[in-house]
C-alpha cells in the first residue's frame, strides 16, 4: 500500500493538471477545488511516508510496470523514496499546498486561470517527481518539465513589465543547464550502461574514469544552473521578480531547492565525490561567492521582489557552502537551512505579494507606511525578516549557527585558511541580509504613508492563512528544532552519507558490499548550545518581569498616550516645528555611507548584470567549462 | 531550589538587574570622568539613574504615524536580549550559562539590541529617524567585520585545533595560561575590540547614528518617557556587556574563589576599560562622518583584527 | 567510423554554444539552443551504437533456445534520444513563441535592446 | 514602587530643548556658556536634548516673530508632561527693542504658558542658571501633582 504513495502523489498532480484544463477553465469552483484536492492529496501522501521512511529507515521503492531489478540490473524506471527524497518531498508538497491556497486570493484578478493552474500543477508534479525518482534520465525529463512550466508561469502576466524578457532568459539559461545535465547523463550511461542511481553508485564506486569525471562536472554544473548559484543566477533574479508572487514563492522556495537536491543526490550518493577535497573546495568557493554576490546585489535593488530574489540566491549560497563541507554537521545544517529558506523566503514573497495585491506596486521608492494599514502583513514580514537575518529565536538562527560551526570546524580540522575566510563571509553576509531587510522594512512598512495608499486594506483571509502558517513554522522550527533534527534532518543526512545502505535496500541485500561500498553508521549530530526550551523560559521570565514591573508602576509611571481620531499637534511627527508634511526616506536613499565606500564594486557588478541574454549565456557556458575543467584536472 | 537559582540568575545576578545597575554605574563614571577631564565638576555618578527614573515618570507619546505595537515593543525586545547576553559572559570564575557557542550567541543577541533600536526608530515614521536608522545600520555593518575577526582569533587561540566558542573554555584557558592580553599575538585583536566598543555603545566619535545636533538623535527622535528610558537603559547595559566582554576575553584569569569578590573586581576592571576606550576617546575626538566611519572599521580595525587572526593561525 | 559521430557531435555542441553566446538576434539564440540539443542527441545515439551489431529484436524461440545473437545495438539510448528530441522541439517552440511575443512588445529581436531588467 | 525615587529624579535630571524664536543670538550664546566648565550646568543634571520629545524644560529666546510663532507652539505641544517653559532675555516677555515691529508677536505668554522668565538683555549665565534651577524644582511639583 505504502509503496504506491509516491507515484500516486506525482501522477495525481499531473492528472489534475489536465482535468483543470478540461473542466476548470470556465468554472472557478472546480478549478480551485481540483487544485486544492491534488496538492492536499500530495501533502497527505508524503506526510504519511514519514513513519516508514524517517522513523523506521525504510526506502520505499516502486518500479514502473513492475520492472524490478533482475540479477542485479535495474532497467525499469524506479521511484525510490529514501529519507533525503522524502525530506525534500515534504518541503515540495507543503510549499505547493500553501501556494495553492494563496493563489485563490492572489490570482483572482487575472484571466485564463485554467492555464495558470494547469501549469502550476505541472510544475508541482515535476518537482515532486524529480525529488522522488530513482532514475537519472527520468530526473532529466522532470527537470525539463519543470523548466517549461516555470517559463510559462514566469510569462503568465505577459503584459507586466519584463515578464517576457525574464521568461526568455530563464528558458535560455535553463536549457543550457539541462543540456549539460543531459550530456552528463549520456556520458554516464556510456560508462555504466544503467540509469538507476543506486546501481550507478555501486558501479562508480570502483573509481571514476575520465569520461565519468567529465560527466560529473557537467552534471554538477547543470544542477548548479538549476539551483542558480553565481554566475548562473542571472535569470533567477529576473524571473522571481516577474512571475506572479504565488509562483515566485514556489520558485524561490522549491524550484531552486530541486537543483540543490540534485546536487546533493549526485555528489553524495551517485558519485560519492565528497571525499575529494577539490570537490569540497570548488563547491565551497562557489557557495561563498554566491552568498556574497547575492546579498550585495540585493542591497542596491529598488524592487521588492527582485531584492527578495537576490536574497534567495544568497541563501542558496549558504546551503551550497554547508553541503560542500562533506561532514554530517555541515550537511545537516545545509538541509536545515534549505528547509528554513523555503519557509521564510516563502513567507517574505507572500508578504511582497500582499503588498503588490493591495497597492499595485513593488517599487520600494513608491511605497511606505503600510504598517498602519496592513498590520498583520507587517508582523508576518518582521518575523520573516528576523528569520532570514538569523536572529534568535527564529529558525534562521539555528541553521545558520550549524553552518558557522560546520565551516569553522572544517577550517580547524583541515587547517585551511580558505574556510576561515568563508566563515567570516558567512557572518558578514548575515549582517548585510539584515541591512537590506531593514531597508525594506523602512521603505515599505514603516515611514510615511503615501496619499494614494490611503484606502489600502489588509489582504483577505485566504491570503493571510498561508502567511500565518509559514510565520508559525518559522518560530516553531526555531524552537523545537531538536525534534525537527531528529525526525527530518538527521535521517536525511544519514541517507545521503550512508550510501551502502541505500544501495542495499534498492538492489537487494549484499549488493553494496559486493560492489565495495561500505555501509556505515553516521553518528547523530549533537548541538548543546541552543536549548530552545531553556531559551523560551528565559524569554518568558524576562518578559514577565518586565510586564510586572510595568504593571506595578502604573500609578507612578507616566501614561502611554496614543493619538485619537482628529489630528493634534502633540502626536504629530517632529519636523523641527514645521507642520507635518510628506517626507519619506525611501529605500534607495538608505546606506549611503556603505555604498560610497563600495562604489567600485557596485560599478563592476551592476555592469555585469547587464540584462543582455548573450552576456548571461556567456557566463553560464564559461562557468560550466571552468567547473568541468577544474574537476577534470583535480579529481583524476 | 533549582528553579529559584535559575530565576535569580536571570533576573538579578548576572542577568537583568546586575547588568542594568553596572551599566548605569559605568555611564555615570564616564560622565563624571569626562567632566573632570574638561575641568568641570560634572554630574554625580548616580546621574544616569536619575535620568532613567525621571524618564519613567514622564508621559510616553506614541506619534500618530507610528505603529503602536512595534514602537513600544522594540525597547522591551532590546532589553530582553541584552539581559540575556550578560548571562553568557563569565564574571571571572562565575558563569551563569555556558554552551558550546557562546560567542555566536553573544554576537547575535547584541545584534538584536541594535535591531530593536532600528526597528523602533523606523516605526516612528519620522524622516530624521529614517536617516538615523540608515546610519545605525551602516555602523553595525562596519563594526561587525572586525568583531567577527576578533572573536574568531580568540576562538582559534583558545581552542587550538578544536572549536572553542565557549566562554567557559576561554575563562578556563586564561586561568591556566594567563590573560590573553599578555600574549603578544592577541594585542592587535585587543586594540581592535577596544575600538569597536565605542561604536557598539554609540559613543563619540562613532555616534553618527544618534547625532543630536544634526539629526535630532536619529532613531530616538520620537521616543519619550518610559520607552526612551528603556533605550537609555539599553545603551547603558550595552556598555556593561561590551566592557565585560573585553574583560572576559582578554583580561580573564583572575579567580578569587568567591563570587562577590569576583564581581567587585569585574566591575572595577570594566570601569577601567570604560575609561580607556569610551571616555578617553570621547573626550579627545569629534564625530566622524558615516563614510569615514565605515572605511575606518573596514581598513584599520579589521586590519588589526586580521593581523591577529593570521598570527594566531600560524600558531604564534 | 563511430569517431566521426563523436567529432561531429562535439562540433555541433561547440557551434551551438558559440551561437548562443555571440549572436545578438534572439531567433539565432534559439537556433543555437537547438543545435546544442542536436549535438547531444547525436552523442547519445552514438554511445549506444556498436559496430556490426544487430537490432535488438529476437524471436521468442531464439531466446528460449539460447541461440540469440550476443551482439546488438543498445536500444536504451535510442529511447533516450527520442525523448530528448521531443523535449528539444518543445523548448524551441516555446522559445520561438516567446520571441514572437517579445517582438510584439519590444518591437525588436535584438538582444541588446531587450534588457529592461538589469542591475 | 519607585514613587519617591521618580519624584526625586524629576528635579535631578532636567533636559533642555532650546527654541530660538528670532533671537539675536545673544541669549543663545549665554545659554551655551552655562554648559561650559566655568558654570557647568551639567552638575545639576542639565543636558541639551536633540528632540522636544526628550525634553523637560523648553528654553525660549527671541521676540517670537510671526514666522516662528506657530512653530513654537507646535513644538512645545510635542513635549511630554511634566514640562516647564523658561524664557531667556527680555525679548520673549516684552519684545524688547523689537517691540512694535510688524513681525514681532511678543509677549510669548499669549501663546504658551510660561513658568519661569529670566529677564535681562542678555541675562548673565548665573541668572539663567538660577532660572533653570527654579524650573527644575517646578518640574518636581508638577510631577507630584500629576499622580495625585
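Letters A, B, C and D mark the chains in the order given here, with residues in each chain numbered from 1 onward.
The working rule: a contact is a pair of C-beta atoms (placed from the backbone, for glycine too) under 8 Å apart; a residue touches a chain by one contact, two chains touch by 3 or more.
The structure presented is a predicted model; accordingly, all values stated were derived computationally and were not measured.
Engineer: With contacts defined as at the top, give the pair, B-D or A-D, that has more of them.
Structural biologist: Of B-D and A-D, it is B-D that has more C-beta pairs in contact.
Engineer: State the chain with the largest centre-to-centre distance from subunit C, centres being mean CA positions.
Structural biologist: Farthest by centroid: D.
Engineer: In angstrom, rounded to a whole number, how far apart do the mean CA points of subunit C and subunit D lie?
Structural biologist: 84
Engineer: Hey, how far is the Cα centre of subunit B from the one of subunit C, in Å?
Structural biologist: Centre-to-centre distance between subunit B and subunit C: 62 Å.
Engineer: Taking each chain's centre as its mean C-alpha position, how far apart are subunit B and subunit D in Å?
Structural biologist: Centres of subunit B and subunit D (C-alpha means) sit 34 Å apart.
Engineer: If you average the CA atoms of subunit A and of subunit D, how many Å lie between those two points?
Structural biologist: 58
Engineer: At which residue positions does subunit A touch at least two other chains?
Structural biologist: 553, 556-558, 568, 570, 572, 574, 576
Engineer: Which parts of subunit D, given as residue numbers and ranges, touch two or more other chains?
Structural biologist: Correct list: 2, 6, 51, 53, 78, 80-81, 146.
Engineer: Tell me, which residues of subunit C touch at least two other chains?
Structural biologist: Expected reply: no residues.
Engineer: Where on subunit A is subunit C touching in the complex?
Structural biologist: By the definition above, subunit A touches subunit C via 75, 137, 141, 144, 147-148, 151-152, 155, 158, 161-162, 164-168, 171-172, 175-176, 179, 182-183, 185-187, 189-190, 193, 195, 237-238, 241-242, 300-301, 306, 606, 609-614, 617-618, 621.
Engineer: Can you tell me which positions in subunit C touch subunit A when the two form their complex?
Structural biologist: Residue list for subunit C touching subunit A: 13, 17, 20-24, 26, 29-30, 33, 36-37, 40, 43-44, 47, 74, 76-77, 80, 83-84, 87, 90-91, 94-95, 98-99, 101-102, 105-106, 111-112, 114-119.
Engineer: Show me the residue ranges of subunit B that touch subunit A in the complex, using the header's touch definition.
Structural biologist: Residues 6-7, 10-11, 15-16, 56-65, 67-70, 72, 76, 79-80, 83-84, 87, 97, 99-102, 104-105, 107-109, 111-112, 115, 118-119, 122-128, 130-131, 133-135, 137-138, 140-142, 144-145, 148-149, 152, 155-156, 159, 161-163, 165, 216, 221-222, 225-226, 289-291, 293-295, 298, 309, 313.
Engineer: Hey, which residues of subunit A end up touching subunit D in the complex?
Structural biologist: Within the complex, subunit A contacts subunit D at residues 549, 552-553, 555-558, 568-570, 572, 574, 576-579.
Engineer: Give the list of subunit D residues in touch with subunit A in this complex.
Structural biologist: These residues of subunit D touch subunit A: 1-3, 6, 19, 51-53, 68, 70-75, 77-78, 80-81, 146-147.
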